């Protein structure tokens, strides 16, 4: 069960409205790699966790924290959208790199400058659970497989893509209030990348999982002729020089082999048989009228 | 530019039809972590790659190989769907764990047993780019950020989730033709997990990127008070015992700190101002009729 | 069965093209709360209606009317998109609040000014069943549950959100042709809010349904300890002063109670058991090789 | 900012696994009218709220509570999915109305009986943020318009549709653990229907909003000829007898009028002009080659 | 503007309930090639039509007819879903090929037999605008490009795919009421395939458009070296024997040429330059701290 | 199985960056009628093909070629996005019709001018599998029904819509590098329209299929009263003059008949019966408490 404090994890106050940047800031809120994605991913991983309690607790700690990040971003966006029809627009244009020319405090100007029209028509100057082009967040961004190593690898990715996107946004505004909040979020993403990398170490140290995931599929059942073979399917041999083409494999169980001239391992040419004539495929076959009645 | 051989990378021949298993096998074809996802992800990462040629070539090698995996799975599914209306149904029920009771070669039986109805109505016994519940593949499963470490972490995840799903399916059929192909795919996923882990090593050895991603965001600009702090937001202190709560951080730049009783760092309570009255929000404000005309 | 007259319910003629406003006007056409949504919702509610004929007839009356609203909006948008490459662009910029600076009659200017590019590339200056950011309409916006009170409540909502959005748009154009049509649609939304509120009264007067919906679920089977309790889960006690926290409940069956310090009613901490080892979850368990073969 | 207790708001323990019912229970978790929808809707309404604090606090109270409902359902589903490969399957089939024949504790049986295959392949016996046919939750289910009356009407709807769906499910299981939790959720929906109805009363008593929404659009600007007219567009006059066709309108501002034989109010027949020839529409027009170069 | 008669274009009465077939019949209602798709496609093509009135009128004739088809299918599905809890279930199983074993009139049985659970939980025995796997209809199925030949070709396709799907369904039921309605719809699809083929003839006879679409793009601007060349990119030369590889082209403007051994026409190898360092791509470049402030 | 050459089918080099045109060029890459759609459609049609080998080979030839088109467009877009923060921006604005005013080489300018923000935030100057408004490609654009005539008709459509869209884009840029590539693609679309039209001829010549599709549904089972009747459901009789309303039908099997005043052929008025009371529909019926327990 959850409780909410009134105070925010960190300030979410811009210096002034900037509807164009508000549109862009929807990406780390409701985009594929935004805060809603990690909030939902970690909560579902936590609730579904069947592993030792230290993992379950840790996952739910961070999942709960992420709700606060969603809260900060939503509030920041709502404030960036506080357009007013009459007063105080003179200095609106002065203060963000992106909003410099047109992105100001007047609604009409903001729309012309490329504001998301749904911020006016649909949400009435509120944040939306959507990304920077207005595509709604969807639950396919939530990953919880039941296998902790597979999922922690996803989590490292999510914190990497997330920190990358926020860093890109950081330079595109000159609003010091926005920058301070983004600097806070970038720092938390630093922590969370480290946290999941540490959790991967711990999982392996605890003997719970290892490469290749899932590690308790009996590896002698896989087709071991190709388990450590690099196939050169695209012209050019530059790839032969990489770490992935020679030497011991990271799982410690094999040696990379470079296959310069890969060939099909099968004579299968994909021939298919006809099917039930009542499916009216090609080639067609007579359908007994009795079958149709 | 691409060319296609007629022969398949590996055999895609089941012993006999099994429309129920065909439905399930759509997951590794057109599901979120299926072969279309990795095919599209690697091709887009390759085409968009601005890094050294050895990376670009390597990514396109594997991207090209994945088209062959899509081909194998699509063909296998089309063959599992080869129902026939009249003959040879006696032994249909005998040969797969999942298809044991009802999943046979007669179309009516297959539908009753839970076949995907679109395999009959829409594709006429062909494979579809959709997952095991019929949800169509979509391009949000394609990840290509321009930052290779962020993306390679995704790729390790994709190969982990993919191998996990195929391993789950492996035990749910008794058809030796299907099992042989899955064993081949599991082996390739073993390779590809190792390949991307090796590529991550190489990226770091080449000095191209490191943790935290992106590594050239000036870290002194982030809010370093919280860069290595674990926040205990969910009751229970089991998480305090993990690797993520103490000791040096994996990026080698800090020490984990466990914050047992985290508190808001802000007095912000999220108060918002009213906006343009013409947006008819709450509280409402008078709209000058002149504005409306 | 349906028939169509050639004349429109109301004029759909703008004074002049305005591709930017055309983009925004897609919201009440193909957005979540647009005319396609109410058309489809009412038609499906009507076709599925199992209640007395006066309701079924009424729902289909309005459902049929809504097709005419879709028609008006689609035509208005097609006309707002009538860009021309050469002539008569001088006064294009003069006549809408939003289109004032750039949104004119020349295709290139319109695109630069933020026209939806699909209005050029995909529909060739025609309306699209999509919203103001180009997201396609989808049938999840169609609500028909079989329970008329639940659905009429949705209908009141739809007419409220719809009238709100059209009112927002009304002030953002100065085109008198557009304004006249919007004023017509706002008036119909006034009617339709009243119509559904009256229908809710009628349903209750007819004894067909009441609060809480569904009213024939035996209420003594619900956990009546919490049926009228307000839980204060977010810090701050301002909510204690509202109508929802004290006095008789609107259904006439209870008294609101304010729970200032809510606590879990369960000792459940969400512990989960391991599952079938063949799902390769965490913790892992040995998979008998026999199971794999 | 948010904190989580370890204990649940209410028990989420079934008597025994039932993967078929787990599939169905996804509807109130991740369906259009499920708990994720109200959680997200209320949180976004709260964060975006610009009205008096008693409303903002109230909305966030219930938004925070709903996270606990998501938690209960997710956990219940994970437990219903605890299949095991070998032991203790004898009594599996005995204990739910829906699971009576096939829906048992053995994975193979469950799949044959119509279990969601993604519960095995994708989530490994965990809950998913998706509905009962596996369609992923998406953020279009989140409604927050900035106008509290429009939104509270949605909230009444959501609690009505939600209670309706849970009531339907209540009778389709015989598992007393599941029934107890559903009885709890039904009771909370009773409260929440009443809560939002009371909030609507309060909004109107506070003079913040009234019918028609938005009430501060100057009503003399709408086309008042049709503001209270019922149009009989579908054959049959049964609708003439309803409350919506006669007497004073619920907003207290008009009288319903029944228009038995509605006619177009316009001579507009929808004629469109040709557009820029470079869009290659029909009729086609010559494209100057200079334009193409 | 539209009006509705009370009578249906054709009977929509099954002999008895069959919830399994109801699920399958959702495909021609709300699937990609279902009646909602052609209704919306033709209406939007008609409203957007800028061509001669005979085309506009014809398109709107058929668009209006299609609403009646949606109506028939929705009603048929609602009737197939009329399950009852107690009486008259004995003969339920006897009367459809697909529903033969389990798909009967009792709700529990229907769910176990593979009924769409949303037909119970969400729509309460009503039709839904979704397909046979429950995926909601969406407006990307609506095609209206502004070019009539491009669109009429789509329309022929839609009537072909639609008739194909309904023919497949025709044999999968033994219910004579359902079969009669499907036989009616198949006949209308026969008409509509012919209608659109005739419209294509007429368009060309009227000189409005021809192959290649769009015919007024100056063909000497295209790269005419490859305008009529067949490229053999997939191994195997069987394709060399087809009509597409030799002889005059259907547009009457060229001769097919078979290119047995196609080669890249470019030396482009896809090399990309680095971009703005503030996007943190790979290779990374220093970001001046001044840029970040 | 597939292999990739390093060289491209054709040059993909613009004269200079133009992020606005890059956004628009996403339509033929990842839009509904873009290259990913035809690539996936042809590959799936080919893999699923059960017809004579000359068709299967031909389909896979073109499917394989289309991968190269995706490659060209993706690369072109990545190059159009090569913004730089400092140097060489003076002439950026000079060289495209659309990019003339603002669309230049500086990231900030590009965003202000209406660049897709995800090209910066998400892909870091790379192409995305999405359309010109950022909507992700999805697999519903892939059509493969198992009936070759139905599918070839789709293919003609796809090449028509595709050539139409690229022709529209051709005139909206002045960049000669972009124009050369588009001229190449337009030529290939000329070929491919002809190719599919020829394939339709061949299919019919081979006796594999004919109008109406599917041709082996026994036509005497359809309701032949309406097989060739044009219904005038929308007011206006202009449609009576078209080819579709008189004379022999294109399938050679009937005569068109024009029905000026169409009437329902049924007395069905859509009445529905009540259903299981446990679904809590309207009208409601008592639910035996025993049923609920």
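In order of appearance the chains are A, B, C, D, E and F, and numbering begins at 1 in each one.
The working rule: a contact is a pair of C-beta atoms (placed from the backbone, for glycine too) under 8 Å apart; a residue touches a chain by one contact, two chains touch by 3 or more.
As the structure is a prediction and not an experimental result, all values here were calculated from the model.
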Pair sharing more residue contacts (C-beta pairs) when E-F is set against B-F: E-F
Taking each chain's centre as the mean of its C-alpha atoms, give the chain farthest from subunit E. A
From the centre of subunit C, which other chain's Cα mean sits the farthest off? B
Could you give the separation in Å between the centres of subunit C and subunit D, each centre being the mean of its C-alpha atoms? 11
Between subunit C and subunit E, what distance separates the C-alpha centroids? Give it in angstrom. 25
CA centroids of subunit B and subunit E: separation to the nearest Å works out as 28
Contacts with two or more other chains, residues of subunit E listed in rising order: 1-9, 32, 47-48, 50, 55, 60, 64-65, 68, 71, 75, 78, 107, 114, 120, 122, 124-125, 133-136, 138, 140, 145-147, 149, 164, 167-168, 170, 172, 214, 217, 221, 233-234, 236, 264, 270, 272-273, 275, 277-281, 287, 291-292
Chains as vertices, touching pairs as edges: which of line, ring, star, complete or other describes this one? complete
Interface residues, subunit D side, partner subunit B - complex: 1-6, 47-52, 55, 107-108, 111-112, 114, 116-118, 120-122, 124, 133-136, 146-149, 203, 208-209, 214-218, 221
Could you pull out which subunit A residues touch subunit B in their complex? 5-13, 32, 46, 52-58, 60-65, 68, 71, 75, 78-79, 81-85, 107, 120, 124-125, 138, 140-141, 143, 145, 147, 149-150, 153-154, 156-157, 160-161, 163-164, 167, 170, 180, 183-184, 186-191, 193-199, 201-202, 205, 211-214, 217, 219, 221-234, 236-239, 241-245, 249-251, 254, 256, 262, 264-270, 272-273, 275-281, 291
Touch list for subunit A against partner subunit E, complex: 164, 167-168, 170-172, 278-280, 287, 291-293
Within the complex, which stretch of subunit F touches subunit C? 20, 23-24, 27, 31-33, 97-98, 100-103, 113-114, 131-135, 164-165, 168-169, 172, 233-236, 264, 270, 272-275, 277, 279-287, 289, 292-293
Can you list the residues on subunit B that touch subunit F in the complex? 1-5, 7-9, 30, 36, 40, 43-44, 47-48, 60, 64-65, 67-68, 70-71, 74-75, 78, 122-130, 136-140, 142, 144-147
